[in-house]
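I have a structure I would like to understand better, so I am pasting it below and will then ask my questions one at a time.
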């Protein structure tokens, strides 16, 4: 199992039956492959649909039906289409139970940066600021480090996506929960020690009394 | 009744330097024939208001590559390296707006609102220079209405009176922009007689549409 | 011809082809009966429809299709239904070419009062404040006096519906246009003299150089 | 999937003293069976948020006459003399809100906005005590979001997952209220299997609906 699958399978354990969920582009999209048995979630794509499905059979693609990345998808029975104002009303109005987003950095307060690297890369925030400000739960799914550099940092060096604290950070090494007191290490990945996680993390970590092994979907 | 115009006529109604809303999300639900006609007429200095600039060679990406655009008010440009390149070269100004805020600002213009109060952007670069209002013990950014000179839309179906219905994720910003510009031109996949679209199936009332693009002609 | 018909037929002359028009409850509703030949207007009912028509044949009524007064109507080919937010987006967003409303008073600045009589009658503003603030043209259709008391007054004694000046006042005696300079008497009804109008009006009137006879649809 | 509940159960989910949005315009598009059940259970002290109080014996008018209502936040009460009478007697407090402002305030609550800026009400009693903001050289009233504990809706069609479609002028405030309350119960004319409503025909996504009223049972 590669680290992306590991992260996706751990995040999938956070899915709650009968709720609305948004998955960001990239790694977070993989979460849809590991929905636990007996759990039914409604996946929203912010370009305007709830209930999209896997890409259609070749030749069946509809130019009016894509995901937020512009890739062809299908629609499941019961799917609903809507405009961008309704889509973000769902996201910002407290109707979205959970969003899963990639991250460039998370700081000791649990604030996320994931929309630009000044002077280098300015892709824009797309829907990320709305998702982080509006979803009931915000789960960051990302590699713990990039090229050996910690992404969970004491202070953001990149512009924040929102002033709001995210709900959970899931990486290839650990599950970390931002709290009022700071970042709490809750779980470690298979074969990873608490010391490994602390070493790979720049921000101070509070080690939970009962650090568990990651449970994967 | 609306009259149907050809793509060159539509492009001629969009003056150089105009602010132009363009429907679509990564090119899906964009008015492709009008975009081609704008490129063909060599439009210049446009301010494009849209979700994104798609990819090079696709939808709004064609306007970027052809040098039609002076400014882009969009939620992201990450999928179009050409936009990034021209921004760095100082050829295109880019205003980045959170996607939900962009939708609400456009909707506000169409609905006669001065703006909306939103949490999105509080504590970020987006809040720079903006008024913050406290409502119910919480801070909200005041985000002002955003209108345009022209809106160019795509739709699945139009009837002769301009009523529009959209399909699936091609709807996106189109119904919001339909209300928010002084001149509104819609490019439907098909045009049907009045009465074919049931009242509850219409997403945009024809009264806000000024012109329909004529149907595509074969051979 | 009674005075209501007179007012309705004069207001109908203000209808512009191919535009969106809202008629208030009561007298203004009658305007729909006198649309001039060759003029096609789209009538909006603020409860959520453009393109409603006359009451349906008996037994054909649909409990889901009424006007703003709750009376059964029909729908014409090309009719469009929408929710109350869209309905008022049309009204407030500059999409409504004209609204025709009843009035209790209009003052010398052209400000309308039509939603309450303090201590006596508090029906509420319904959509009136939105219509007066949002429509491109606001036409007040009302009797010139009530029980001999002038309704076009120097100063409102009733709470205003909007700070905005209305576009035109059509009564059973005259057509009066509020301008920067004041209320201008433009037209008189058949058999009514300028002196009659001035006598029945409390607000100062500027008599146009070319006062005409009302033209009726 | 949603579960279908009977009217008495629905009425039982609406606590005395709750703020309750009720769809409908002069009773058209109101959840009549739930209203009857609220009257039957003798609900008390409700704050009703709705377009109007209809007429005596019709829709919300029944709640007024039965003494269920302590406060009404509505755009007009002119069609219901009973509401006027109880207001004058001090039994019901009435907050009058311009209809378009009421729609936007409810929509704002459902969309996570703190409020909107509107021209409506400037220079009138409606502006008393409210913040005025200047945008683009023009004054706008700040009108705050208005949410509720419960929303009671009527719809033409629901599917098993709670997706709703409305008919004609019975749509009115229903889709706005569907987004703006903590608990949302919809009373559809008919309930159909998932997949029967096409994605573009759904006006309210089922994810915001908590309960459907069971279908009417015959004899």
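Letters A, B, C and D mark the chains in the order given here, with residues in each chain numbered from 1 onward.
We adopt the following convention: a residue touches a chain if its C-beta (ideal position, glycine included) is under 8 Å from a C-beta of that chain, and two chains touch if they have at least 3 such contacts.
From a predicted model like this one, the values you see are computed outputs, not experimental measurements.
**Student:** Which one of the chains is farthest from chain A, going by Cα centres?
**Tutor:** Farthest from chain A by mean C-alpha position: C.
**Student:** In terms of C-beta pairs in contact, which of C-D and A-D ranks higher?
**Tutor:** Higher C-beta contact count between the two pairs: C-D.
**Student:** Centroid from C-alpha atoms only, then distance chain A to chain C, rounded to Å. What do you get?
**Tutor:** Distance between chain centres: 55 Å.
**Student:** Taking the mean of the C-alpha atoms as each chain's centre, how many Å separate chain A from chain B?
**Tutor:** Their C-alpha centroids are separated by 29 Å.
**Student:** Using the average of all C-alpha atoms in each chain as its centre, how far is it in Å between chain A and chain D?
**Tutor:** That gives a centre separation of 35 Å.
**Student:** List, in ascending order, every residue of chain D touching at least 2 other chains.
**Tutor:** Touching at least two other chains: 104, 107, 111-113, 118-119, 166-168, 171, 199-200, 203.
**Student:** If you look at chain A, which of its residues touch at least two other chains?
**Tutor:** Answer for chain A, listing residues that touch two or more other chains: 49, 75, 81-82, 85, 88, 91-92, 134.
**Student:** Write out all the pairs of touching chains, ordered by chain label.
**Tutor:** A-B, A-D, B-C, B-D, C-D
**Student:** In the complex formed with chain A, which residues of chain D make contact?
**Tutor:** Going by the criterion above, the answer is residues 1, 107, 109-113, 159-161, 163, 179-180, 194-195, 197, 199-200, 202, 205-208.
**Student:** Can you tell me which positions in chain C touch chain B when the two form their complex?
**Tutor:** 18-20, 40, 42, 49-51, 75, 77-82, 85, 88-95, 134
**Student:** Once bound in the complex, which stretches of chain B touch chain D?
**Tutor:** Per the touch definition, chain B meets chain D at residues 104, 108, 111-119, 131, 133, 135-136, 138, 140, 142, 144-145, 165-168, 171, 199-201, 203.
**Student:** Write out the stretch or stretches of chain A touching chain B in their complex.
**Tutor:** Counting only chain A, the residues touching chain B are 45-49, 62-70, 75, 81-85, 87-88, 91-92, 121-130, 133-134, 159-164.
**Student:** Across the complex, what residues on chain D touch chain C?
**Tutor:** Residues 25-29, 51-52, 54-55, 74-79, 84, 87, 94, 96, 98-104, 107, 118-126, 156, 166-176, 203 of chain D touch chain C in their complex.
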